[in-house]
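Common to both upcoming complexes is chain A, partnered first by chain B, then by chain C.
For the complex of A and B:
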């Protein structure tokens, strides 16, 4: 390709369309990672087609072909998603239709429509990803689209394109303070206004709603954040940091699952059923979206957050799947006694599949006979795990026929799920009510800030055993495995928190890496607090807190609007004064200004121009006074006269005059 | 009067006048000096595209509420802010501009008059994409660099001979985002002259109405320049009028002949069969032809008598008389 010819084509292409294509391509890119190839490929082809048209390599398709392409596009979307409704299919349809619109974008009006739809695509990207990175990336897209608008409005003006980009930057920068005001002060209306789509938004890791210890599974190596916690009270000690999630009571020999139908607890009260000692922990959880309905709380929750309910097993279940960051304030008692005297539905916690685990049943019954009571039996089983060669491993072997017996007697290698499952099985086999609790254990403080991070890799499974007169007791069978039998040193600190300090000192590189990691997490946390999760409640809290500092009480939406209008007016006024500079309305002729300066310079030397004296007369008089400067004086006067009284004053002439006056000295 | 010589006049106006709708749709009426676009003279409203964008932002806001999506809120608010800021930028693109509409050179009816419009930008920032339009005529798009003035010709189609007031000039801009349309009206008390359209078919008859002076030497001498005639083969090269050759206006031979030059009377009464406009049109053609032939000609109209003469000023004089013939004297010459 002839390079200069290509540059020529770029130069002659419609600038606004090139900016628009660049903006659209960047806006589509995040979608391309989650849409079907059936949508992506045609979109890319159509984008390229338009680009080649702009560079005059290709013609646009005819009307018939456009119609065919439109039907093909709709059909492809339908094939790809099986529907045209819902979030994914809707986005697919928007992307492909927008690309098709490019095929017939001729009129000026069409360009405006497409730029507007481009902004719409940006919104749809946010439905899937609200990370700080995506926010910044989309700001770039918006800049490109605004540049397209500017190039578009310039029409036939010939201006270097970088100036358009610069202008877009200036406008966006001036808009930013207004946008911030709107963001924080515009009254947030609690949604949704209409039903949310039910299709999953794909990504999002978290705990599963069932547990099958024998299946191929690997412990999560995922260091992504599950949730962050801000403690208002003291941080509980490490052995109390159990974050309760799904509780499993049903076992079919292979898989643990929750009771079905779900049993709900209608209210939560601290009474004879739930006795507490010590102070409650007060904290706020910011939970990353994980597409399921669990909300996590420190064992044992004492309140239920809004828009959620509590199951009989003390799981907090949100009314809708957590598809977006949620934030809730919690209160938990880490010292509690639950169902001390009486356990309803006791059979539920003794259920076992009839066929599985004959050897385990035998062992349990045998050991139970040796035990003094249930509590003693629990200790005996824990000792059994500690003494027998059980290993903790991230890659457990597959368990084929009878996962329980195979694990307990043959393989003896597994992670928390295996131990919790086996332990509950043994308990139930001996007639002790028990259940599996999953959730997270541990977490770490961000040393650069004041919040606590719990990661996906902190996921854990433990058990609860019901003992008469003592109620439900948390037993973590994984914790009794001696350090020597833990395969991976990294797991050591997690399973045995008191061992955390004994590990080898990490290298300085690792230390820096950790610090950077915490710093980045801190930024993310702030982003979550102030941007992603800035909702009705948080707005109310934030604004009321600010107003409280200046002596006002709570704020309602009318006051927010008033504050918003006042703030925006102020900002607009500042920008207006800056842009319009009303005092700078240079009504005066620059030639006159320059000549005035010249006269002033002369008058400082006593050469005063009389009010009735014309410039020519004055020049003659001044020339006689300063003969060595006479040439300059008459030149300036001539330039001034020409500028002022010629019907065709030129800019060059003015520049000469200004230059001559600047250099004029006596 | 030069635009720089007069200061812009912005007289105080009453509140009633300031908010009158007439100002909004029509403008200020004719003004006598250059116009300075003060705040109250620039109007601004959302453009069609602006309305479309506003509707789109509303939909985006609904989406943000429904999905409770903070970044969707953020984007909507950012775009709304850009929308607000665009008001100021668009307004500023016209504000404090000085405009003068000048006398347009006369044209023949049916031709497009070029009305010189002087734009004086005394701000050091450039102004872009300003649309200049005279009433409902074709518009031009211009940019004005910072601290710069420029003269642009705005086209004006002519349909009637005579002296006409230059219609209202509309300055309009959508820059920078096209979401708003700012406009201002300027009407200066200047007029332009439209000559009758010259008759296309009936050129000046060769000799028929020439009143010849029989004593002359028919232009063969060389002592007294009398005019030009078409070149004939054999004419002396010394007598060729090289200026017109250089200008590609044709080849003419200089004629000399002192008092014996051709005298030509273009007479209204010599065309009794035609109606007024056709007569004027025919006479216009003849004036042009006679002028091109450099003959000594005069014009006789009822009530108007322009003596024999030659030259450009004489031609303009004649054409002006033809343009204004029979029209109200009030529409007179400025």
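For the complex of A and C:
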């Protein structure tokens, strides 16, 4: 033996168990980053223990120790999560108990149980992460588990292990058509099958439910996608691309927050306050989970998606925090007039903290006296911002005592939230109702596809001002800052798109990087559209669209089931036809066909001819089984033998054979 | 076409001249001498073939009287001879290897020579040597034991590779070259080599390339209880051998060999043989697949077996019967599989459907 001791141990270990351990270890790995160390460490130790047992370094624990370990495992889970229920604790318990099962995996049955549970662990991984990477990774894990299953059920001594892996790959590839069919056709249940437990709320990225200086600028470097939009109508012009989100009316001198409790608005569109003109924009938003309840829509939404409601400030608020990818169709009018004649709760929009911003109040009142009306006043303030040395910067200086005054008179450097905040302050100080609106502005088309990407870096804050006879007007105070005073090129491009065009062309490396970025985003988008967010509605749309092409209308779940059964039957039929290959019959020896029929007739009576059994052997066996038919059996066999193996097959002989087979009965 | 009147089963109440049923097929009864034969039904052949078959049965019956309970092995060795191949018997000492060789030689009327292989055996001991003859003032060739029709090379793996190769060369060429002069060996030339199991000490196992020279490898094994009882209670085997007469005339063996080579092989059977060869090459159980020569050997064996079963054509059953013996010493199971080659062989048979 020129093998080292270790190699020999690996060679002599049970291959199926090694495959299984590898599969389990990989299946656990994503969980290990999420669960408590109290669960992870014992699980890793148990896995290693089993591995050392397979390599014959260690024995498995005794029954008493196993009992103790089981209780310790339950206790550790309870300590780690404070409960045994819920997503995290449940998965933790599953992982640790599965590892404990390895300690008593002796019988064949145990291996089956462990492999089955391994598949279940794979499912639980998707409770946490549904990205495309995880999908591919889990496919690898499933391949390993299937390999273990194959290795487990095959004779190990003669099959090399790579052949098992290959077989697993082949089996999975063969299962693919059925899996696709089931995925697309199995009726989706409206709403989640089980609601995700609340412990799933991680820290979300996105707009928060209050706005203080620095809130939004911290998003400006975040390139992650906030949501994607597919437009059914023409893209609105850049200056209309305001995606409305949380609206703030309360100001405490530093922080803006929404009205609490949120005032609800029950009726939309049939609202005398809401007058629209022009064509609506129709689009579908796919919103990334952000753990809060806002849904974003183009200013101003005309319908509300299912499972959500509208606040008095025209915010769309989902009934549950957005913890999973959400997809909703929207209609918005970018030209609108809101609350034209009459503003209820006007005091809400005039509220100001009593002691803050004395200089600002003075300025506002002074300028208001010069203005003819409120609209004129708005213009004067905008001019003030444009003419005074205000800078747009991503690194605003820290504002300490009175943020509004310090910003307006001392620093004059700020991000959008500073401008929005100061602008609303000035308006309210002069008695003009105003509110801060946050959301996203702009976004970009994916040039490789047909959808629009809005990123966290597009987060923005602007204002709305109520003018008598005109209603709410959107005013974006940052838009008036001249290009020379915008420090960051990206911001410049966003705020003044026409200026960005003249900017220096980016280097080719950057271009390629951008293209790759868009390509990757496109894949992600498709994954979201077709896999993660393939829900009832999407299924309906997709299937109806396909069926419409062949002249059918909508489809309900019964029809889906029928279609599913039909599809699966079709797949099976294709497989069966391929396996049986009736077209090969034509090339077959007619004597062979006749003899096959004869064997089939016998097999119906339990006299099965083995594929490796020669005709003479079979005839002898069948003759013993049916002595009264032995004569016919021997005659048919002799005719077949002569036709197929003798040097002189004749047509007459063949006819005799066919005739004899036709008349053969048991 | 001679009328056949002396068939033993005619006594069993069959009235017609030929035991033909109305479909023109002849039933050959299941007599004790044929118990191992796979021949429940035989297509009617030319009378010549039937005659030949009868002779073969007689040879087997004769040999079976001496070597009890080993009819299948006797038939196999006879088939090997008919296929013009050489036979390797691998077994423990004392199970009747030598006796089998002896009885075959006797019943077939062949010249018999036995060479006991030992570790100091030289090629000249096998082939012969030229000795200076004083009276004739010249070298005179004294042929070695190889110049006989049936050679028993006893315990061939006891000898050094050099001595082994002298024998194996003769087997391959049918002639020997001694001191520059080529001398033909007699016809027919049939070698039965016996080999102790290679795990016995002091042996030189035959290399694979030389094992290939043997058409078949069989092992006799212990006799079953009743055969052993008959053996123990019966006459001295040596005595019986002496009393034995040849069953066939000189020259008839060549006729039989000729008939065996003319057995028909249908395309369907070739398909089957090819499928077997193909699987042996694809199967991960063997270190290497079967060579084309092995395929030819398989067909030759199957044809001889078919002749012995009284057929004019070979059947898949014939291939299946001879295959373990033709192929067994040509295939080597993968070492790590830990399986016996014979098990792997059975798997090979089980994995190939008869087309």
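The rule is short, and it goes like this: the second predicted complex is superposed on the first by the 538 of 666 C-alpha atoms of A that agree within 3 Å, B and C clash if a C-alpha of one lies under 4 Å from a C-alpha of the other, contacts with A are read in each partner's own complex, and residues count from 1 in each chain.
In the analysis below, a residue touches a chain if its C-beta (ideal position, glycine included) is under 8 Å from a C-beta of that chain, and two chains touch if they have at least 3 such contacts.
Predicted, not measured: the structure shown is a model, and the values here were computed from it.
Of the two partner chains placed by superposition, A:235 touches none, neither chain B nor chain C. Applying the stated contact rule after C-alpha superposition, one finds that A:153 touches chain B and leaves chain C untouched. In the superposed model, A:645 lies in contact with both chain B and chain C.
Between chain B and chain C, the partner in contact with more residues of chain A is B.
In the superposition on chain A, A:186 makes contact with chain B only, while chain C stays out of contact range. When both complexes are overlaid on chain A, the residue A:635 reaches chain C alone and has no touch with chain B.
In the superposed model, A:612 lies in contact with chain C only, and not with chain B.
Of the two partner chains placed around the shared chain by superposition, chain B and chain C are both touched by A:589. Looking at the shared chain after the overlay, A:113 reaches chain B, while chain C stays out of its contact range.
Of the two partner chains placed by the overlay, only chain C lies in contact with A:620; chain B stays clear of it. Overlap of the chain B and chain C interfaces on chain A comprises residues 157-159, 589, 644-647. The touching residues of chain B, counted against chain A in their complex, run 2, 4-5, 7-8, 36, 38-39, 48-49, 52-53, 56, 60, 62-82, 84-86, 88-89, 91-92, 95-96, 98, 122-123, 128-129, 141, 143, 147-149, 151, 174-179. On the side of chain A, the complex with chain C involves touching residues 11, 157-160, 163, 589, 592, 611-617, 619-620, 623, 634-635, 637-639, 641-642, 644-647, 656.
Touching chain B in their complex are the following residues of chain A: 109, 112-113, 116, 119-120, 122-123, 126-127, 130, 134-135, 138, 142, 146, 149-150, 152-159, 167, 171-172, 174-179, 182-183, 186, 188-194, 196, 324, 531-535, 568, 572, 575-576, 579-582, 584-587, 589-591, 643-649, 651.
The touching residues of chain C, when paired with chain A in their complex, are 21, 23, 25, 38-41, 43, 264, 266, 268-269, 284-285, 312-317, 320, 334, 336-339, 344, 347, 349-354.
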